[in-house]
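Dumping the structure here so I can ask a few things about it.
As written, the chain order gives the labels A, B and C, with residue 1 at the start of each chain.
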Amino acid sequence: MNRMPVIIVGIFLTFLSSWLGLVAYPYLTLGRFTPVTDEATGDINPPTLSGLAVRGQRVYASAGCIYCHSQQVRQVGYGSDLERGWGARPTVARDYMRENPVFLGTMRTGPDLTNIGARQSSAMWHHQHLYQPTVVSPGSIMPSYRYLYVTQKIQGQRSARAIDLLPPDNAPEGYEIVPSAEAEALVAYLLSLNRNYPLPEAPEPPQ
Amino acid sequence: MPRPAAPPTAAEDKIERAEIDASTRLPVVLFYGSAIFWLLVGSFFALLASLKMNNPHFLDQWGWLTFGRVRPAHLNAVAYGWASSAAIGTGLWLMARLCRVPLRYSKLVIGAAIFWNLGVLLGTFGILAGDGRSIEWLEFPNYASGMLFVAYGLIAVWGVLMFRFRQPGHVYVSQWYLLAAFLWFPWLYSTANILLNFEPIQGGAQGAVNWWYGHNALGLWFTPIGLATAYYLIPKVLGRPIHSYYLSILGFWTLALFYSWNGMHHLIGGPFPAWMISASVVASIMMFIPVITTAINHHMTVRGNFGALKWSPTLRFTVFGAMCYTLASVQGSFMAIPSLNVITHFTHYTVGHAHLGLYAFFTMIMFGAMYYILPRVVGWEWPSARLIRWHFWLVAIGIGVMVVALTIGGILQGLALLDPGITFMASLDYTKPWLLIRSGSGILLTAGHIVFAVSFCLLLFKVGAKRTEPTLFGTDQGREPEPLNR
Amino acid sequence: MIDEPHQDGPQPDTFEAHRESDDLNVRDVHGAILREKDDPRDGYEPIPLWLVSGFMALVFWAGAYLAYNSGGFQSTVFDPSQVAWAGGGAGAQKAPPDPKVVGKRLFTANCVACHQATGLGVPGQFPTLVGSEWVVDGGDWHGDNHLVKILLHGLAGPIQVKGNTYNGAMPAWKQLKDDQIAAILTYIRSEWGNADDPITAEQVAKMREETASQTEPYTQAQLQAIPAIEYGPPAPAAADPAAAPASAPPAGAPAAPATPGA
């Protein structure tokens, strides 16, 4: 008996079932969202990203932040994400409709970043943390991203964009640390990370 | 349909095998050689990444060596450079031998091997340069993944064609797994790359496609090749039949049906409809069926002959791998249970599990395959039993220590993360000593790989005196193999 | 690679005689191949019964798990602990926001340019809404139906509001949705000291349908010719315009002459 057609058909059909369930179905139901207008405030949710923040997504991907940080707030009663203040509500698929690529992540060597823009709204804090993470967060094993920053000679007056380093680090005498365009973009993206707005399918959890 | 020829005599059999081995020589040696090269490269990146987790200031001045790039460079070098190349070399040789057809027009396959390596090279160094996509298992920039797909197309066509033009006769279980792997992988790779990298779909759906691919690369590409190899080598070396044809059928079809639905277990608790997550949890538990089935099949085939592991490198590596297949899969099924997953998700436990699967199962079986196949295609026995022994113990102890360290560290980390009263930094502190031990295990593993690479080079360049006997464990210590129980 | 008894050891001449090609190093490969065993073959042991029973039990468990943890297979249910059976709502819908909050937002966006945030308007130009007989029931010719008509189709020509004359033009707002118009009207009827029943989206929808042929803004005279209808407080289930006083003719039928823009 020629087994080949039987095996090929079986191979095809079993695989097709998962393709339908885990590729086609998500595309149809989770891949064609439109934003929702909040009746009470008139906001469009999820909010659009500024051009700088979209560039920041590229920097986030290029630097590989997902290998230590996740971006998902899990369901009520599933893990302590909400209790840790990582979000006001669990995240749902529509929250990620403007993310490309999506940075859900699978490791929490560092904390979840879904709402980092809400937790840390200071750009200076983000620049300092990227430059000297083990000083800003003692005990952290996050590497320094100083390759995203430029050490330049102070020309006359100090640049308005220069960042202040926390001791014991400091810029060399007569020099200042200025973020590169990539660093500015990355921080703009991090500041945009705030999913505390309501969505029809994402109710506020009971207190 | 031609009348099946009379079964070949022993002598004709051996000529046929010699001819087949000769036809596969260059492709297999090329794929194996590049696999071993990428194993060294991948091990180097792994060690670097592990050391950076012990000391974050280590080599952090440059963007191209930042942890977030070195870690995906490691993953892709070992997944597409080492593991896939080894899989292709093994798969082509096995399919040729089992179908009893020589690999014709092998120069095209050689071209595919070169193209494949070029793709991995461009991709890995593209990641270090900052072009990485940060989509797990699919980090290669488009210029590299496109090359891989084209190269693989040729390989898959050859694999399927050999099956199509096989000699008439019984189709053995390994051939089903090989055929399936050759057909599933291009579908997986092209779909995922198109939907995530070339024409990305909206973010809400990307995670599902990402992990449909990521898990199926393991379950429908590496696992079938690994199982096909184990199903061939174990009975072949022992000269015994596989225990049960019916168990083989059950194992194959339940694997095909359930494994492909597992993907969402990487996203339990995540932003996806509840039914998708639950479907993957169910599929992950149902994997007990093919895994236990295969374990029984292998165990009952070896039973009474475990003494052979003292002598045969092939068997030792392969049986080690097959046992770890059972272990890793059972562990995986339990990890998918939500009440356990809430502890292990996002922790180093998952990393330990991944290495139990891709290293302790798949890589060890590939080592076994190489120890068996290379003497046949190169025409030279392994020059040093001592090197083989060092290789085995370095990597066996290395992977054992690594998995145990990451498992313990991961559980501690997970339990700490679950308790909101424990600060996040404290959860990190729990992992630090175990990550240090992991770096130590990485040194053992890298050393083992260097030993193997040396061994391979000595074989390739036919160093030393010509042997007529196989290189078995113990021959360097003057011991003789014991007879087998039939 | 366990040693097995050789049949006859390697005999290069015999094998060479069978070979047509000569450059395949067949002799070199023979060493390993000679001692090889036959290719693997299948045994035919049956599948153990305990295995089959175990698997059937797993299948049963799988079905039960899926039934209880799949949120009714809805794409909007993200929490597996939520069991949404057929007929249940998809996900937990948020309660619709307070219409007054929505109304205030829409009023601010659309109406304050003329009527001001205080609702007082601009003397001589835009009429006040505060305590206005047009907005809250004053027992005169003005009715709730007139208010809805004005929002839908606008108001033009001289009008009297609280003893003052205004001669402006209020544009039509029919491009707003029914629930939005209802929200605005509800807001102005409960803000700044005003107190009157809310207007519902259903009432607006019905009026929109009835006045579909209206193309020009109303004049005061046209509206005065239409008898007033007070909708009254909305019923708990839904507002029902038929609950209006039965003395009125079918609500909102324009009794004015058909010629537009009179």
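Convention: contacts are C-beta pairs under 8 Å (C-beta built on N, C-alpha and C of every residue); 3 or more make two chains touch, one makes a residue touch a chain.
All values derive from a computational prediction rather than experimental measurement.
Undergrad: Any chance you could name the chains that touch chain A and chain C both?
TA: Joint contacts, listed by label: B.
Undergrad: Can you pull out the chain pair that has more C-beta pairs in contact than any other?
TA: A-B
Undergrad: I'd like the most central chain, judged by C-alpha centroids against the all-protein C-alpha centroid.
TA: Answer for the innermost chain: A.
Undergrad: Find the geometric centre of each of chain A and chain C from their Cα atoms only, then give the gap between the two centres in Å, rounded to an integer.
TA: Inter-chain centre distance comes to 28 Å.
Undergrad: Chain B to chain C: how many Å between their CA centres?
TA: Roughly 48 Å, centre to centre.
Undergrad: How big is the gap, in whole Å, between where the Cα atoms of chain A centre and where those of chain B centre?
TA: 31
Undergrad: Please list all residues of chain A that touch 2 or more other chains.
TA: Within chain A, the residues that touch at least two other chains are 29-30, 75, 90, 92-93.
Undergrad: Which residues of chain B are in contact with two or more other chains?
TA: Within chain B, the residues that touch at least two other chains are 271-273, 279, 338.
Undergrad: Hey, what residues on chain C touch two or more of the other chains?
TA: Counting only residues that touch two or more other chains, chain C contributes 75-80.
Undergrad: Mind pulling up the chain C residues that touch chain B in the complex?
TA: Residues 1-4, 7, 14-15, 18-19, 24-26, 28-48, 51, 54-55, 58-59, 61-62, 65-66, 69-80, 82 of chain C touch chain B in their complex.
Undergrad: Of all residues in chain A, which touch chain C in the complex?
TA: 29-30, 38-42, 75-77, 90, 92-93, 198, 200-204
Undergrad: Under the stated contact criterion, what part of chain B meets chain A in this complex?
TA: 1, 52-54, 56-57, 60-63, 66-69, 71-72, 130-136, 163-164, 171, 176, 179-180, 183-184, 187, 191, 195-196, 200-210, 212, 216, 220, 253, 256-257, 260-261, 263-264, 266-267, 269-273, 276, 279-280, 338, 342, 345-347, 350-351, 417-420, 424-425, 427-429, 431-432
Undergrad: Along chain A, where are the residues that touch chain B in the complex?
TA: Touching chain B from chain A are residues 2-4, 7-8, 10-12, 14-15, 17-19, 21-23, 25-27, 29-33, 60-68, 70, 72, 74-75, 78-80, 83-84, 90-109, 111, 133-134, 137-148.
Undergrad: Would you pull the chain B residues touching chain C in the complex into a rising list?
TA: For chain B paired with chain C, touching residues are 10-15, 17-19, 21-22, 97-98, 170, 172-174, 231-232, 235-239, 241-248, 250, 271-275, 277-279, 281-282, 285-286, 288-289, 292-293, 296, 300-301, 308, 311-314, 338, 372, 375-377, 379-381, 467-472, 481, 484.
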